[in-house]
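Take a look at the following structure, please.
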Amino acid sequence: MRPSQRLSSQLRTVRITRNFTRYAEGSVLIEMGHTQVLCTASVEESLPGFLRGKGQGWVTAEYGMLPRSTHTRTAREAAKGKQSGRTQEIQRLIGRSLRAVTDLKALGERQITLDCDVLQADGGTRCASITGAWIALRAACAQLVAQGKLPENPIRDHVAAISVGIYKGVPVLDLDYPEDSDCDTDMNVVMTGDKGIVEIQGTAEGEPFTRTQMGQLIDLAEAGIDELVARQKAALVA
Amino acid sequence: MRPSQRLSSQLRTVRITRNFTRYAEGSVLIEMGHTQVLCTASVEESLPGFLRGKGQGWVTAEYGMLPRSTHTRTAREAAKGKQSGRTQEIQRLIGRSLRAVTDLKALGERQITLDCDVLQADGGTRCASITGAWIALRAACAQLVAQGKLPENPIRDHVAAISVGIYKGVPVLDLDYPEDSDCDTDMNVVMTGDKGIVEIQGTAEGEPFTRTQMGQLIDLAEAGIDELVARQKAALVA
Amino acid sequence: MRPSQRLSSQLRTVRITRNFTRYAEGSVLIEMGHTQVLCTASVEESLPGFLRGKGQGWVTAEYGMLPRSTHTRTAREAAKGKQSGRTQEIQRLIGRSLRAVTDLKALGERQITLDCDVLQADGGTRCASITGAWIALRAACAQLVAQGKLPENPIRDHVAAISVGIYKGVPVLDLDYPEDSDCDTDMNVVMTGDKGIVEIQGTAEGEPFTRTQMGQLIDLAEAGIDELVARQKAALVA
Amino acid sequence: MRPSQRLSSQLRTVRITRNFTRYAEGSVLIEMGHTQVLCTASVEESLPGFLRGKGQGWVTAEYGMLPRSTHTRTAREAAKGKQSGRTQEIQRLIGRSLRAVTDLKALGERQITLDCDVLQADGGTRCASITGAWIALRAACAQLVAQGKLPENPIRDHVAAISVGIYKGVPVLDLDYPEDSDCDTDMNVVMTGDKGIVEIQGTAEGEPFTRTQMGQLIDLAEAGIDELVARQKAALVA
Amino acid sequence: MRPSQRLSSQLRTVRITRNFTRYAEGSVLIEMGHTQVLCTASVEESLPGFLRGKGQGWVTAEYGMLPRSTHTRTAREAAKGKQSGRTQEIQRLIGRSLRAVTDLKALGERQITLDCDVLQADGGTRCASITGAWIALRAACAQLVAQGKLPENPIRDHVAAISVGIYKGVPVLDLDYPEDSDCDTDMNVVMTGDKGIVEIQGTAEGEPFTRTQMGQLIDLAEAGIDELVARQKAALVA
Amino acid sequence: MRPSQRLSSQLRTVRITRNFTRYAEGSVLIEMGHTQVLCTASVEESLPGFLRGKGQGWVTAEYGMLPRSTHTRTAREAAKGKQSGRTQEIQRLIGRSLRAVTDLKALGERQITLDCDVLQADGGTRCASITGAWIALRAACAQLVAQGKLPENPIRDHVAAISVGIYKGVPVLDLDYPEDSDCDTDMNVVMTGDKGIVEIQGTAEGEPFTRTQMGQLIDLAEAGIDELVARQKAALVA
C-alpha cells in the first residue's frame, strides 16, 4: 500500500499551466501532485564563444530549488556561493535530454536556456523538470517559427521523464517524497514519444536489484511516459 | 500620463494569496500588477552562534530573482557563485524593516527566515517583498502562538513598503518597470501601520530633487501604505 | 549632552589634506574627527566592455576598511574572499552620488575610479568618503583639463554627504561611533552645492521616526552640507 | 571493427598494482589499457559533524584528473577554484557504489575516504575508479581487522563497474576514448559479485536506444564484471 | 649611477611614526623613501582552534596594497575575491620573520595579528613591512606588560629586513621601484639584532649570480640592517 | 646520525623515468627516495592575452599534491576551492627557475606549462619538481626541434634544485620529511649547470643561522646539484 493510496502503476495528478509567467519565450508550470516546477525557455540570438561558427545552436538548462520548496528549509545556493553536486548533475541531465530531440543545426546559431525552478518539492523534481521544460522549449521554437525566424520547429520528437522504484518490495510508478526517502531502488527514465530511451539512471539505495526487477520498472516507466506525452500534446493544443 | 494609464496616486492591482506553497510556516504570493513575489517564513528552533544565549530571537531575510522573472534573462546568482550587491542590499533592507516591528525578546531563542523570491519582475520587487513578507512572518508567529510555543504574537505593528518617484516631472505612486527605468527620482518608503517611518531611501537618477518634491513623494507614499496595510489586514482575516 | 560635548548642530573637526599620496591623479585624506579616509581618483583611458562605444565615460567607486581601522579588528575582506553586503552597499552609494554631478558625456570615453579606504573609523565613513572623493574626482578632472585632454571640467556641481540622527531623543549632526551605535534613527544625506538632494537613506534602528523629526534632521543636514561644501572649495583653492 | 582491434566482448588489458604508494591504508593503481587511476583509501577515526553519534561509519570518495592525463591539457580544478559538474557527478557515483556493499554499522564511527586520481585517461575512468577503489577499501578494512579494531571486514560483497556502448551500430564492451567520443549510446553498469545491479546510467548520445539494445548491453556488462571481480579476487590474494 | 643618486650602500630616508592610528595595540607608519606602510598590531585574547591548549601563543601577519598605492591602479583583492600568490607569499614571510624572535610560550594563549597595509609603493614593501611590524609588535607586547598581563616582553631580539640587488652590474642596497624593475638579481634579507639570518630570498631575474656576488650583497644588507635596528631602537624610546 | 643513516653529504636514491605517461610533450617521474613527482610539459601554440604580440613565449608551472601523497590525508585543493599560499609559492618558484634558463624569444609565441603533481611526499617536493620539470621541458622543446617548429633548443642550460639544512646542529644535504620537520634551518638552492645561483631561499625554523653556516650549506648544495645535473644528462641520453 502506497502512502498516497495510489495504485502501483498510477501517476500523481498532473497539471500543466502554460504561460504561467509572461516574459519568457516559453513558460510552463508543471505539477506532479505537490511537486511544482516552473520551466521557462529563454531564446538568445547569440552563442557562448566555444559554440560559435559551427553552424548550429545549443540548448542548455539550469535547475534550482527555492529554499522553502522543501519540507524543512534548504540553504540558498546563491548565498552559499556554489551549486551543489546534485544541482549540477540534474541540470546536465535536463540539458542532455532536451538536446536528444533537438535538431541543433536546424535551430540555427542561437541558444535556448531552460530554467527549471522548483517552487515545491515532493519528489520527482528532475523528471517533472524534463517533462515541463520540453513544452516550454517546443513553445519557444514555435514562436520562432511564427516570427519567421525558423522555417520549421527543430524539436523532432517528445521527450518526457518519470521515476520508478521498488518500494517495500513492489515496483511502483512516480515516487513521491515519502516513497523516495524509503525505497530500495530509484530509477529515472527519460524516453522519447517513440519509446526510445534517452537516459536511464538507476540506483540501488539498499539492496542491489535484479535484471527482472529492472524490466518491471521499465515497463512501468513506459506506461507513465505514454501518459505524460499525451499530456504534453494536450498542453500544446490548449 | 503614465504608461499604464494609472492616476498618479493609484496603486497597481494588489493580489495576496496565502498558503501559496504548503511546507513553510508562512507562505504568501504577493502581486503588484505584474510583479509577483513568493514570500515564505521558515521557523528554526535555533540561532546562529553569534546570537545564542542573549535571550532573544532573530528575523532575517533572503532575496532572489528567478532568472527569467525579468524581461530578458538575468544570470542565475547560484551559477555565478555570488549574490550581487543589489541583492544583498535588498535582503538587508527587508530584514531590517521586519525587525523594526518585531519584539525579538518576545520571539524567544528562535530564528525566522523570510525568503522573498521574485517569480516575475515589473518594478517594485523590494517593496512587494517587504509587504508580503510581513504577512508570512505574522502568520508564522500566529502558528507558534496556536501551538502554544508563544503566549502572544511578537509582531507589534504592521510594516509595508511602496515606491514613489518623479516620472516626467510628476510625483507618482508605485512605479512599474517602464516608469522605474525612465524616472528622475526613485524613493522607497517603509512605514508601520502607525505611519512611523522605518526606512526611507531616495535616489536622484537624473536631476537632484528638492525638499518640496520630497514632501509630495512622502504624501503619496503614506496614502499607498494605508491601502497596503488594509490589504494585509484583510489577508490575515481571510 | 553628546559624548563628544559637541552642540547638536556641530560638525566634528574637518581636515582635508590634498596630495596625501603621490601617484593617483587625485588624492585626498579627509578627516572628520577621528574618522580618516584616503580617497584617490584613478583615470583610465578605457572603459569596461559594456560601456564602450556609447560616447560617454564612467565614474565608479570602491570602498574598504583597513582591518584595524576599527576599535576591534575586523576581518580583512581580501582574506575572506568576498566583500560584505555593507561594503557593496557603500561603494554603490559613493558611485551614484558622484555620477549625479558628473557630465558623463563631457568626460569622454574614460573611466575614473574612486578608491575610498578607511584608515580609521569613528562613524560616518561613507559620508566622509563621498565628501573627500568629490575633491579627488574634481582634481583629477582638472588635471585632464590642464593636460588638454578635456576642454572643461565635467564635474558640474559639488556633492557632499553628512549623517544625522536622533540620539537620546534629540536630532544631532554628524554622528560619531559612540552615538551611531546607540541612536534611534540614523540618516545619511547626500546633497549638491545647490541643496539638491541626491540621496537620502534613513533607518529607524529603534523606534520609527515621524515626518516632523525627518524635517528636523534634514534641516541639520543642510547646514552641515553648507560647511562641507565651503571646505571643499577651500581645499581646491589651496 | 573496433579501433583497438578488440572483439566486441573483449576487455582491455587489466593491470592491478597494490601498494603503489606507501602511506595510505589502501593503495591501488588500476590500469584498463592506457587508462590509469590511482585509488587510495584513507581511514579517519572520526566523522563529519552531521554523521556523528548515529552508531555508524561512512565511506566517501573524491575524484580528480591530473591536468595532462588527457590528450590535450585540461585546466587544473584547484586553480580554477571549483570542481566541475562532471567531477562531482563521478565522485558521488563512486561513493554510492562503495556504500552499497559496505555494512556502515559494522564499520563503526570512522570514515574512509577513497581518492581516485586519474594519471592517464583513455576512457572509462569512472568505472576503473570504482573497481580499483573497491580493492583499496577492502584492503584498508582488512588492515583494521588485522589491527584488532574491527572483528570482521564490513565489506559484504564485491563491486565493480564497466562501460558498454553502441559503437557504429554494434554493442561493445569497455569503450576506450576513441570509441567513447564517437558512440551512439554509452552506459555505465555497476554490479556486485552476486550480479546485483547497484547503478546503471545509460545515455543516448545520438539516437535513442531500444530495450532490446539495452538488454544486449547489460549482457556484455555482466560478462565484463565477471572478469573484473575475478581480477579483484586475485589482487587481494596476491 | 642609481636613478635616485644614492650611493650603492645608502638607504633611502627612513621615517617611523608611532601611533599613526589610535585603536590598535601597536600602530606604526614606516616610510622608506616614497614607500609607506601602515603596520598595526592587534591583540586577541584567544587563539584559532588548531592552536588552542598547547600552552603557547601565536603571531601572524596579513599584507595588502591599497589599489592606488602603485604607479598605475592595481585591482582590489577584496573585489577580485582572492589574494594573489604574491600577497600570500609576503604575509607568510612577515609572520615567519616575527615569530623567529618571539618567545611564543612566554606570549601566553593569545594571538597578535600584524596588518601591513601599503599606502604607497615604491619598492621594498615587504622589507618595510617586517621592519615596521616589529616595532608595532614590540609596542603591543610592552602594553601587555604595562597592563600586568605579561611579566616581561616576549620579543627576544630585533628583526629587520632590507632588499639588496645587482643593478647594472653593481651591488646596491635598498632598491626602489625603478631599480627593482630593472635589476638582474633581487635579494631580501631578514636579520636579527645579533646579525643572525632569519630569512634570505634571492632571485636571479636575469643572469644567475655567483657566490662572490652573493657575499657582497649580504655585506651590504648587514650594514643596512644595522641602521634599521638603530632606527627601531630610537623609535621605541621616542 | 641522520634517521635514514645517510652521510651528511649524501643524496637520497634518485630515479628518473621518462615517458611515464604518454600524452604530454614531456613526461618525467622523478623520485628522490620516497618522494615521487610526476612532471609533464604541455605545449600550447598560443599565449595568454597579456603576453601576446611581444615576440616571445612563456614557461609557467602548476603544482599539486594528491590528497594521500602525505603521511596523513591532506584536503584536496580542488574541493576546498582554492590553492593554498604554499602551493602558489611553490609553483611561482618552479616557473621562475625554469624561465631563468629559457631563451623566451627563441621559444616563439607559444606557452609551455609544467605540471608537477606529487604522488608521494617525503620532503623536498619543490626541489624534485624543479629538477624533474627541467627534463620534461627540455624534452618537449627537443620535440619541437624534431618537428621543425624550432631551429634549436631554447633551453640554454641545466637547472636543478636541492634542499639543505641544519639538522641537530649539523649541515646536511637533501632533507627527508623526518629531518625537515625537525631541523633548525631549511634552505632550497636552485642552480644552473654552470653553478650560477638562480634562487636561494633560506629560513631559520628555530635559531637564526650565521654566514658561516650558510657557506657550509651552499657547499653541500653545490655538490648535490652536480650529481643532479649528471642525472639529468643521463636521463636525456637514455
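To keep things simple, chains are lettered A, B, C, D, E and F as they appear, and every chain counts its residues starting from 1.
Here is the rule we use: a residue touches a chain if its C-beta (ideal position, glycine included) is under 8 Å from a C-beta of that chain, and two chains touch if they have at least 3 such contacts.
Since we're looking at a predicted model, the values are computed, not measured.
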| item | value |
| --- | --- |
| Both-way neighbours, i.e. chains that touch chain E and touch chain A | none |
| Joint neighbours of chain C and chain B, given as chain labels | none |
| Smallest count of steps, each to a touching chain, taking chain C to chain D | 3 |
| Greatest separation from chain A - chain, by CA centre | E |
| Between chain F and chain B, distance of the C-alpha-averaged centres to the nearest whole Å | 59 |
| Mean-CA-position distance for chain F and chain C (Å) | 51 |
| Chain A and chain D: spacing of chain centres that average the CA atoms, whole Å | 28 |
| Multi-chain contact sites of chain B, meaning residues that touch two or more partners | 81-82 |
| Sequence of chains encountered when the ring is traversed from chain A in the direction of chain B | A, B, C, E, F, D |
| Residues on chain A engaged by chain B in the complex (per definition of touch) | 21-24, 27, 34, 36, 38, 40, 42, 44, 62, 64, 66-73, 76-79, 81-83, 87, 113, 115, 117, 119-120 |
| Touch list for chain D against partner chain A, complex | 82, 85-86, 88-89, 91-92, 96, 100, 187, 191-192, 194-204, 207-211, 214, 218 |
